[in-house]
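I am attaching a structure below and will ask some questions about it afterwards.
Chain naming follows the written order as A, B, C, D and E, and within any one chain the residues start at number 1.
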Amino acid sequence: MSPNIVALLPEYILTIVGVLIMLAEPLLPPGASRKPLGWLAILGTLGAGFASWYQLHLGTITAFSNSIQIDAFSVFFHLLISAIVLVTLLISLDYFEGNASHSGEYFALVIFSAVGMMLMTCATELLVIFVGLEISSIATYIMCGFRKGSAAGSEASIKYFLLGSFATAFFLYGIALAFGATGSTSIAAIAQGLATTTTPRMAFLALAMILIGLGFKVSAAPFHVWTPDVYQGAPSPVVGYMSTAPKAAAFAVLLRITFSAFGPMEHRWAVLLWILAALSMTVGNLGALLQRDVKRMLAYSSIAHAGYILVAFTALRGDGIAAACFYTASYAAMQIGAFAVITQVTGYNEQIRTTDDYTGLGLRRPILAAFLALFLISLIGIPFTGGFFGKFYVFSAAIHANHVWLAVIGLLNSGVACFYYLRLLVALYSRPVTETAQPTEGRSLSVPAGVGLTLAAAATLVLGILPGHFLNLAQRASASTQTAPAPTAAAPVVISQQ
Amino acid sequence: MSPQTSMIPACYLWLIPLLPFVGFLINGTLGRKLPRAAVTAVALFFTAIPAGIVAWLWSVMTAANAPEAIHAVSRPWIAISGFQVNFAFTVDHLTLIMLSVITGVGFLIHLYSAGYMAHEEGYWRFFAYLNLFMFFMSVLVLSSSFLLLFVGWEGVGLASYLLIGFYFKKDSAANAGKKAFIVNRIGDFGFLLAMFLIVAHFGNLNFTDVFASISQHPEWHGGFLTAIALLLVVGATGKSAQIPLYIWLPDAMEGPTPVSALIHAATMVTAGIYMVARCHTLFDRSPYALAVVAIIGAATAIVAASIGMVQHDIKRVLAYSTVSQLGYMFLACGVGAYAAGIFHLLTHAFFKALLFLAAGSVIHALSGEQDMRNMGGLRKRIPITFWTMTSGVFAIAGIWPFAGFFSKDAILYQTFISDNPIGKLLWLVGVVTAGMTSFYMFRLWFKTFFGEERFVEAQHDVHGHDTHASHDSHSHGVHESPWVMLLPLVILGILSLVGGWWHVAFGKFLNPVFGTAPEATTAASHGLELTLVAISLLVVAIGFFFAWLFYYKKPGTAGALALKVKPLYSLVENKFWVDEIYGFFVTGLLMFTRTVLAWLVEAGIVNGSGALAGVTTRGLSIVTRRVQSGNIRSYAGWLALGAAAVLVVMIFGRSLWVH
Amino acid sequence: MQLALFIIFGALAVAGALNLLLQRHPINSALSLVVVMMSLAVLYWSLGAEFLAAAQVIVYSGAIMVLFVFVIMLLNAGEEERTHGSRAAYIVGIPGAAVIFCLLSFVFLSEQKALGLASLGGHLNNGLNNIAEISQVLFTKQLLPFEVTSILILVAILGAVVLARKEEQ
Amino acid sequence: MAAQVPTAYYLVLAAILFSIGVGSFLIKRNIITIFMSIELMLNAVNLTFVAFAHQWHQISGQIFVFFVMVVAAAEAAVGLAIIIAIFRTRQTLNVDQIDLMKL
Amino acid sequence: MNIDHSILTILILVPLAGAILLALLPDKGKLMQWGALAVTLITFLLTLHLPFHYDYGASSGTFQFATDVPWIASPAIRYHLGVDGLSMWLVVLTGILAPLGVLVSWRAIETRKKTFYVLFLLQQVAMIGVFVSLDLFLYYGFWELSLIPMTLLIATFGRTENRRRAAIKFFLYAFIPSAILLVGILWLYARTGTFDLPRLTQLAAAHSISGNSSALWLCSLAFLVAFAVKVPVFPLHGWLSDAVSEAPTAAVMVLAGKLGLYSILRFSFSIFPEQSHRIAPLMLALGAIGIVYGALLALVQKDLKRLAAYATLSALAFIILGIFSFTISGLDGGIFHILSESLSGAAFFMLLGILYERYGTYDMREYGGLAAKLPWMVTLFVITTLSLVGLPMLNGFVGEFLILSGSMQAVFAHHMVWTVLATTGVILSASYMLWMIQRVFYGDLGIKPENIKGWDLDAREHLAMWPLVILFLIMGVASPIWLRAIDAAGTRIAATQSSSVQPQAQITTASASTEAK
């Protein structure tokens, strides 16, 4: 097969499925359930997943005149994204049942946005990255506003849209300046161009602008302002999706751009990311501290987690990328899991919002509560869960790079963080304050949703108990991004006696 | 130890404490179910056997070429590298005397109690505790190391706590028990510190090893030895109710009378004296410590005696007299006359036990009446009690040829001739105390047995200490006690008469323990001794005369006199307000500090710091949330600012780099 | 010539932008934005991007702005009232924007030499004309983005449909 | 040829336009106008691209601009749809009144 | 394979399996109780395997029943388990406390039994894990894991409305310092590239962990503080009284002490010998102050649970005093006292729980005169308090004596002052305990006993209490059974510590050693 086909196999599959869904949507009678389309989408996702699994064994391929590079790194994120999409589809299969008439488009949008993200992760050409980014962004803008009845939904959507395009403009400006500084828009060429550039300052500007744009996407402080509002307003499954997949993709791009394209300038951006990381962790946790609305709280916490991931960027190249990959994955698992539970608890008309509403969930819906408890424990970072290992790798990488104080800040933050997670966790298992305040809850746990939850939970635990295999994958990914002869990332932490 | 010493008796040593312990276990667990007879049988049996063993030990120890000491060593109790304590017993002559007091008097008192407590609920509990006491007491005297001695030391404290608080329903009793235990704990505090010092300096707690290494180093004088000695004294004052820790003993009278007789007169309270005597090697090296002991003893003797003169509760009078007599013994030890001290301990055990038991019999007769003002003229009503009591009174007053005379006399004499700088003064104090003693004892004697009958015939049962549970047998007036109670009285009466007659042999008997120092002097100046005897006898006579005058010849003079010297009288009657002063300082201070701690430290610092951190975080969090105004333009503003900041850092950020 | 064009249309663009900022009625803002785009088209042309100049006029001012105007009409948005919902926008935002501008221009001007000069028409690699060159690259080197764009537009259509369609309750 | 213009000037012009775009995003209340200011910023970026393309003699810069236009068009379509949706629920286009969710 | 190599793993797995099993079983009838009882009993019997097959002659510093397999390649995390004299008895202790906890919760926990017993078993898993794991990372895992079940137990089964606050307070107090501890661990790893405790110990002995002494110092502080809060040591005990007064009996039995103290002995001392020795004078002082402080505060409490809390604080301060004296006697005594204090404390809390079951209050002012009604109760109560105040022949005394005499032999400045201060604790403890006894059992009937008819201990409660009482006696008179193994550990630590001994030390140590026979 020509590389052009092999390289983009997952994207192709998804695109076809998406188009099929679009075509099938109008053919179904208006009232009928759109579940079949959902199943179709799930099949497509599985296919994409297997395709990228197949790619894993092909080594590095480049296609479309080097604007695409399939290496362990991009495959890692392909797999991650397709997994996220899978869970998302599973938990939102019956989310719109009997509420929104156009869940068909929803599935299509999820699929298409996935295509965009996958492109982002495997692109080595800024133009492709930009287009991919736009696809995923626009799709998410729309999905935010899917609950059109609710004012919150549309408000979330407009906020996300306006601020998103605002940030995109910065990102674009960054690309332009990078092009200006190096005369090219492909990552490899930029890396070479930087070596000989006559306008270094402009290169700095370029990177800064790109960081701003991507920082917005990963909701790192101080570009986090949109996150709480949007997460609160958007439908729960969408939040679960948009707080994981686009972030993963954006981080992938960030990793490629910082380490590969602007690798030579590490001494410049590392300090910046140091600050961003510390800021994000602190702001996120402080914001969540007094938060009563659960979705909003998780939004803030996701800011903090973005901060934890950014810590990895300050580490040495080898450790950093592996740690970031690992953390992104474990974060995705627990975050989407948490929102999956929330979806099931709150249902479409999200009446249940605050911690008090969740009080006593352990009695009413023990299984869901148990799942949520697990994810919260993982978010806190208690050992034998993915969250803990994620933190562990990230911070050990940072300490290995002598950023002890960053690690201290981060872990103190995780101490602060456990306060609000724990408040929810404890609420789950304590008697309801008042039996009266029990708004209508979502429908009972459906099979596909159960499967989705189980997947997320399993991932969380596996990453926590047997992270070895997965870590190897992350390290392969990290190793595969090496372009210039850089220190190998075989062992994330090398023993250094001093 | 040589095989010859570890011959047959060694293994029997274990039985002496263990048998009472078995008795305790049986009565303590099954007692509630068993009939009273069975309980009594168990209790008596398990105290009689040890008495027998002790008697047999006498024969062994006093036989020709008998070992100086019998050792019995068993498996280690605490064993770590560089420090080990075994369960090890030693019997030498000193121990033998103590043992005979404990088992002998102990058995008699058990016997007595069988009658005295016959109608109490919790009968089984009483005997269980009593056996427990026997166990600990014999451990105390048998032990061959400080630590094991401390076991008995604490254990008897526990037993006394339990027995004083026997009528736990009464707050006064419960309080008294608590007070006794805690005050004793203050003493133990000293004892423990002493042991720590010993361990730190000798790395060992066995008497033999410690004393051996002391005698190996004649150059050691004062210094840490004094420190150890003084700390031991603290322990002794606690246990033997000396100034400043004597306050618990009078309250201890809340317990049943046999308990007062056994624990708070004959045995436990003498543990302090025993311990000092046991450590004489140590004390001899520290004249300073010895002086302290002597002074404490003398002071306690006179203070307690003076308080005893004005008490009305018959048992309290005896209690103070006990304290005062213990003061004598302390004085003896303080002037290095250990043998004399132990001798007085022995005789005192006889007559003081006797006095308490007799008093108990009186109280029993009066259905729980303890106030001497409501007694009198009992002479004819309860003759046997009267006669035995009389023997006790004479003995304690120190009238020839009763036991008390010899022992007290020995102490006074030794004090007089001691090389202690203030020896003469101490002697004077002793003599005066002797006078007081005879005064208050005869006061008691007259007020109780002579004069008109001031008591009410108890037709219905009167609630007093010992008759907490009403017992029908008492509802018919004053009566003589049953024989189980009288028999011990008689035996003890005889003992307190003849007990002192072997005083000459006694010193020699203890030579193996204390060395032969005192003997020489006694032999030397016989004339002096006689004069001193004469003086003390005179003083005793004076004491008797006043008692006779005030309380027999013309009663009421005492009251008149009291009115004349009101302040002095009330001062003494209120026991010099010692309890109040302690209460104020100790309790008040404690209350103050703990309240301060609770409010300042606990609430302020410990929890405050946490709260402060919480508040700060909260504040920061509120600030953070202020940014989330919900307004898109504001958000864009923050984005712009952030962007600007990022650009600045990127362009000018080099200086910030901290790699 | 180059300079003249730059000065005239640059000024025009800035003026248009400022007008967009100052006008209170959306229509006026829209029209002033059109002015900006037109003048930018001229500048593109002056920089040798004929195709883009055309596209700018057709796509931007032709299509996109019309869309804007249409929506404005549809929602008959009137004068915007000067509400004061956000102090932060002025306190932190405007200074931020100013800093951004200063930094950008500082960097550009400080590296002016390295950037060289622009001459009218420009001269690209081989003598081909601009359009030919663009199309060549577009269908060979940049084929993938070009195709992917279709998905983008697909998504856009989907979104427009979903959002604009009324919820039938 | 007539006097040439330093590329930097074009860039500064772009910077000016960009900043004005940012500024008007901050200042304008009407959502549509805010959206317009975003378009203005994009145009500024385009100018930058073209300028650089000219300087580097690289056509890819112009290609980029082309794509930006496409994206802008798509964004416009979606964005305006969203704006219509929000107008349906809120009956207003004033951003200051769209702050339901805060803190 | 030989069970000796898998026993520790089994010990971890059995309660875990039990927890999972219970989680799957339906929560009806007494099923949960019986299930939990069975699991805990099996675990206990398994723990007994250790002392019986322990090689007491083994050279100190070697770990027995060891399992050591790689878990994660990089970072080099190993599944390394093993026990020595220090931890073996702690494992057994954990084993025996669990069934007692179940027995005492039998009737106390009425609702949501499943949640309770599952969490309870998980707690046990975590604690055993802490005691047996020799890989810093693995250890940290269990250490953190032990927080969650406890927190939930407090939050869910707490007594008053205050329970949530208490739970979160407990968690934060424990979690934030251990976050810093993690930094310390990671820093160590970055320096040495290993999490393996024996390896680290060797490196520490060779002074080759890091040349940067100040960093090493900070790292040691990170360790010490985290542990000290968990113990808790005097000024860091903010969480204790709330947590204790809220937590259900079975949980409070294992709440304080063991884990933190063990960690200090195991990790702080062996990885940071010099630093621990340098900070010892401070810790001695804190220990002594803590003893008196806890006792004094116990004197003002009206609430039995809070009184118990401060009593615990005081007792734990004893242990701190002992182990930081770095004398054999102090260390042995300290380790021994961990065991005996846990047992006595457990018994005390169980009795309080039993009392609460009957009268539904911990307020002393509402009690009184119970001795007449509940003779067995009062008997056990008195015995327990006596073992707590350190009456000879009971377990408490051995530890206290060794600790104090050890602190008297210490070689630090002012150690004598602290010993004296600490010894006053003997008096104070007696006072508040007896005061409490009198308040509850003596005098006239209190409000509650008058209105509610309490019954004396039933068979189940006897079954729960008497083993402990008998154990008190055995530990009191036959301490060598335990000290034999403990002494090996104690002497080793003392040896490693005496590397930097001040000159004034020689006098006491020398005399002690020469005179000792």
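Just so we're on the same page, a residue touches a chain if its C-beta (ideal position, glycine included) is under 8 Å from a C-beta of that chain, and two chains touch if they have at least 3 such contacts.
Since we're looking at a predicted model, the values are computed, not measured.
Engineer: Per-chain Cα mean versus the mean over all protein Cα atoms: which chain has them closest together?
Structural biologist: Closest chain centre to the overall C-alpha centroid: E.
Engineer: Taking each chain's centre as the mean of its CA atoms, which one is most distant from chain D?
Structural biologist: For chain D, the chain whose C-alpha mean is farthest off is B.
Engineer: Does A-C or B-E have the larger number of C-beta pairs in contact?
Structural biologist: Result of the comparison of A-C and B-E: B-E.
Engineer: Using each chain's Cα centroid, which is most distant from the centroid of chain E?
Structural biologist: Centroid comparison gives C as the farthest chain from chain E.
Engineer: Roughly how far is chain D from chain E, centre to centre by C-alpha average, rounded to an integer in Å?
Structural biologist: 66
Engineer: Measuring centre to centre with CA averages, how many angstrom lie between chain A and chain E?
Structural biologist: Those two chain centres are 43 Å apart.
Engineer: Indicate the whole-number Å distance between the mean C-alpha point of chain C and the mean C-alpha point of chain E.
Structural biologist: Inter-chain centre distance comes to 70 Å.
Engineer: So, what's the distance in Å between the C-alpha centres of chain D and chain C?
Structural biologist: 5
Engineer: Residues of chain E that contact two or more other chains, please.
Structural biologist: Residues of chain E never touch two or more of the other chains.
Engineer: Which chain B residues reach two or more other chains?
Structural biologist: Touching at least two other chains: 625, 627-634, 636-638, 640-643, 647, 651.
Engineer: Would you mind listing the residues of chain A that make contact with two or more other chains?
Structural biologist: As it turns out, chain A has residues touching two or more other chains at 127, 131, 134, 138, 141-142, 145, 148, 158-159, 162, 166, 180, 201, 204-205, 228-229, 416.
Engineer: Among the chains present, which pairs are found to touch?
Structural biologist: A-B, A-C, A-D, A-E, B-C, B-D, B-E, C-D
Engineer: Provide the residue numbers of chain B that touch chain D in the complex, in ascending order.
Structural biologist: 625, 628-633, 636-637, 640
Engineer: Help me check something: in the complex, which residues belonging to chain C touch chain B?
Structural biologist: 85-97, 99-100, 103, 107
Engineer: Spell out the part of chain D that touches chain B in their complex, as residue ranges.
Structural biologist: Answer in residue numbers: 22, 25-27, 29, 34, 95-96, 98-103.
Engineer: So in the complex, which bits of chain A are touching chain E?
Structural biologist: Checking each residue of chain A against chain E gives 362-363, 377, 380, 382-384, 388, 392-393, 395-396, 399-400, 404, 407-408, 411-412, 414-416, 418-419, 422-423, 425-427, 429-430, 467-468, 471-472, 491-498.
Engineer: Provide the residue numbers of chain A that touch chain D in the complex, in ascending order.
Structural biologist: Against chain D, the touching part of chain A is residues 127, 130-131, 134, 138, 141-142, 145, 148, 150-152, 154-159, 161-162, 165-166, 169, 172-173, 175-177, 179-180, 183-185, 228-229, 232-233, 296.
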